[in-house]
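The chains carry the letters A, B and C, assigned in the order they are written, with residues numbered from 1 in each.
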Amino acid sequence: MSDAVLSVRDLRVSFPTEDGEVQAVRGISFDIAEHELMGIVGESGSGKSVTFLAVMGLLPKQAKITGSIKVAGQELVGIPDKTVRKVRGKKVAMIFQDPLTALNPVHRVGKQVEEMILAHQDVSDREATTKAIELLEMVGIPQPATRARQYPHEFSGGMRQRAMIAMAIANDPDILIADEPTTALDTTVQAQILEVIQSIQHELGAAIAFITHDLGVVARIADRVQVMYAGRIAERGEAQDIFIRPTHPYTKGLLNSLPDSQGSRLIPIPGSPPNMLRPPSGCAFRVRCVHAAEVCAGELPDLRPYGVVETACVRVDEIIAEMVL
Amino acid sequence: MARFVIMRTAWAIPVLLAVTFLTFWAVKAATDPVQSYLRTNPRASVEQVEEYKEVHGLIGSTPEQYVRWLGNFLTLKWGNSIKGNTPVWPDLKSALANSLVLGTAATVVGITIGLGIGILSALRQYSKFDTLSTGAAFVGISIPPFVSAVLLQVFFAIILTNWLGTNSPVLPVAGIYPPGQQGFDLVLRLKHMILPVTVVAIQIIATYSRYMRASLLDVKESDYMRTARSKGISERRVVVHHALQNAMIPIITVAAIDIGSIVGGLIITERIFEYKGTGDFLLTALANGDFPQVMPLMFIIVASVILFNLIADVTYAWLDPRIRLG
Amino acid sequence: MVDLQPLRPGHVPGDPIDQTEGLTVRSASPGRLAARRYLRHRAAMIATVVLVIIAIGCFLAPVFAPYAENETISVTEGSLQRAIHLSPNSQFWFGTDSIGRDLYSRILYGGRVSLLVGIASAISAGLIGTAIGAFAGFRGGQIDNMLMRGTDLFIGLPLLVVLIVMRLLPEKQPWAATVLGPPGSKRLMITLISLVAWMTTARLVRGVVLSLKEKEFIEAARAVGARDRRIIVRHLVPNTIGPIVVAMTFIVAAAIGLESTLSFFGFGLDPTQASWGNLLSDAGTNIITKKWWLVMFPGLVLLITILCINFMGDGLRDALDPKQEQRVTG
């Protein structure tokens, strides 16, 4: 895909610890196209955040990263941090989960946005100030000139997240990574922030990687969805396909655990995610999967096309057949 | 902010009065001023004793005495010492000046080195340097200053001198000047300060390297550091502009408090190195039961502690917008 | 969350980080986990061994010391004479002092006193601090406020000045000798040190109590009508025991340092009583006469002891409360 703004190939990330290596990401490949909003779904520990922190080059030093990450054609794995810094914040920017702690408490909000502009654009301080105020206005912060001179603690949670977004889009990035941007917020504020993100995408045309554990949010806004489990991709496809006809038992489990509009009982997935020091052989989900068979413990399953989606379940034919019967 | 400063200042005054009253009571009990006077001046006339009591406010109940004493103290009627019957202020002034010189030198040296070590340690957490400096800081905190002082004396006055075969100690281990020295001599003065400054600085370095390391590590883990890195700014800017600025806030506050106790905190070092500062002044005065000398110094010590606590509070509020504007 | 949890080399299996990951949680009791963490703290283990050796040597001084505490020894060197100021040799390992006493024996006997004062002060300071801290934390409000402001201020005052002034009280005032202890006595030292050392424990306990107070099991205890005192004793104290033990360990080290400092300056124990501070005090006047061993050995033993206790405290803190790193405001 030539129009991919983010292209990841066979990415592996592990963290050495005293007890062995924690294998957080275990060989994943994907592309995100221009203007695309891709939802990345998974539980805590599925490797979804680690993947995108790797894209940003923000993993701790001891993390071992192999494979390839290209942002707008620029390779980011195995090259000096100095080069990565030119891409980070400019071509790719990130919105973090908790706006309460993600802004520096001792710097004025406007200054924090300006710093982002000055890092990558050759403009004067005054121009940067003006631009920062415009950005704050663009994300829907009232009285942006006054607000720019305030400190983060004077902002509400929603306002802080807007400021984060203003900062992230300051250099008109090709791709924006939003790491659970609404999780820490109240429900009403969540909806507002989602609107801001959608309108930003509309206006700037940036691609967005929207990381979340909330399938409901993804269903509302995403073009495509990629479901991650235990450092692997379980399933990927157009959002409506995934929601209407999930093929991977894990995706199904996630959907069943969602409260639906009739308010029917939600069924949680039994068990808990595996220990990534020693992940189970074969399909990592098999230990929690009702459909698990001997074949699942064999080779590590790769994504392969199944109908309109791609799935990593080796028993997908049998399972679908069972369900039809 | 202005309101905050006024409130805190207004609170500091009753605290100062309460603590100095307690101090007055304790010092009076510990020195027994009238008996001490009579012991030194056994043939003092009734008028002399009365005058002595009058000047030092030793008439009436303890609260009355305190009020009288405070009045005289504030109007600078400090009177004469019991021993030697010399005016209190000139001796105290020179002791204060000497202590401030020693304290300031040690604080500047100690904090500079301590912060440097702490910053490097935190930036290279778990490195050899970090392990080594953490261990060294542990020793520095554990060693009582009088032990490091006497060990340094032994080393410079005996062991190193024997080894080099010189007759006089490599570094002077006592006093401010060699015996018989007249007038000011910068080189000699500095040489005499090396060991006392070292003893005090060891503690400061050990403490502040720990403070700085802990504070910076705390900040390093915070989310806004990741945000700062995500901007693609240089690592140097991330460290200086984001990490250090935040990490320094608690350090500056602690430093302000510590500076307040310089005057009373050098007793050990001054005594061992026969450095004529407030510590030496206080111990000698206490040994003589010299209430007229002890009480003004105690008041100054307490007042400086309270004043610098106040300064620390205000600085903290001023540095941290969450409190300044909150 | 394995995603964002920073991984540190020192982390031990069984920490929460592993448990959230799921299937292979080992169940170990908190006590066993703490013991395991302590055993893995290398500095603390070495310190424990060294300290145990020193403590056995001191407490069994009559067994290990070749001479009695105040025995003046004579040696035959041509003629029989007092063993005055002999430098360390095979008979007198650490040399002898100005009136011919064996320094090694005196260090052992002195250690007994210094360790005793240190431990006794820490226990009483720990008890006072725990009681007051628990009370303040549990009651809250004005009492708590006053107490914390008071201790804030007191912690700022130069410790040694306060101690020296208090130390002089019993010499001048009979009532003080009765209440605090006679001048030069061990009791006076222990009382004075406890009086200045309880505050750190009080603040610590208060902090823990304040945070525990909000927890559900305390609410539950209240709901079933348990009385305050009962709640303090039955629920809060067991939960604060870890931090208290750690704090008390550090107080032992500080108390030994304070006792020796005060004794060194003649404000401590009776000068005829062998204690590490008094040994150094005797030696202090000998620096000019170049009797280096009189300073070196007591000084090093004192330093090593304090260092070992602090390392143990550090190990205990890591073991009992792995999340609590040293904070600036400590």
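In this text, contacts are C-beta pairs under 8 Å (C-beta built on N, C-alpha and C of every residue); 3 or more make two chains touch, one makes a residue touch a chain.
Please read these numbers as outputs of a predicted model, since none were measured by experiment.
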| item | value |
| --- | --- |
| Top chain pair, ranked by number of contacting C-beta pairs | B-C |
| Most distant chain from chain B by Cα centroid | A |
| Centre distance in Å when chain A and chain C are each reduced to the mean of their C-alpha atoms | 51 |
| Inter-centroid spacing, chain C versus chain B (mean Cα positions, whole Å) | 24 |
| In chain C, residues with contacts to at least two other chains | 6, 9 |
| Complex contact set, residues of chain C against chain B | 6, 8-9, 43, 149, 152-153, 156-158, 160-161, 164-166, 168-169, 171-173, 176, 253, 257, 260-261, 264-265, 280, 283-284, 287-288, 290, 292, 295-296, 299-300, 302-303, 306-307, 310-311, 314, 325-329 |
| Touch list for chain B against partner chain C, complex | 15, 19, 23, 26-27, 29-32, 35, 126, 135, 138-139, 141-147, 150-151, 153-154, 157-159, 162, 173, 210-211, 214-215, 217-218, 221, 250-251, 254, 257, 260-261, 263-265, 267-268, 271-272, 282-283, 286, 289, 298, 301-302, 305-306, 308-309 |
| In the complex with chain A, residue positions of chain B that touch it | 222-224, 226-235, 241-242, 245-246, 249, 319-322, 325-326 |
| Residue numbers on chain A that touch chain B, as the complex places them | 56, 58, 81, 84-90, 93-94, 96, 98, 101-107, 115-116, 119-120, 151, 153-154, 164, 167 |
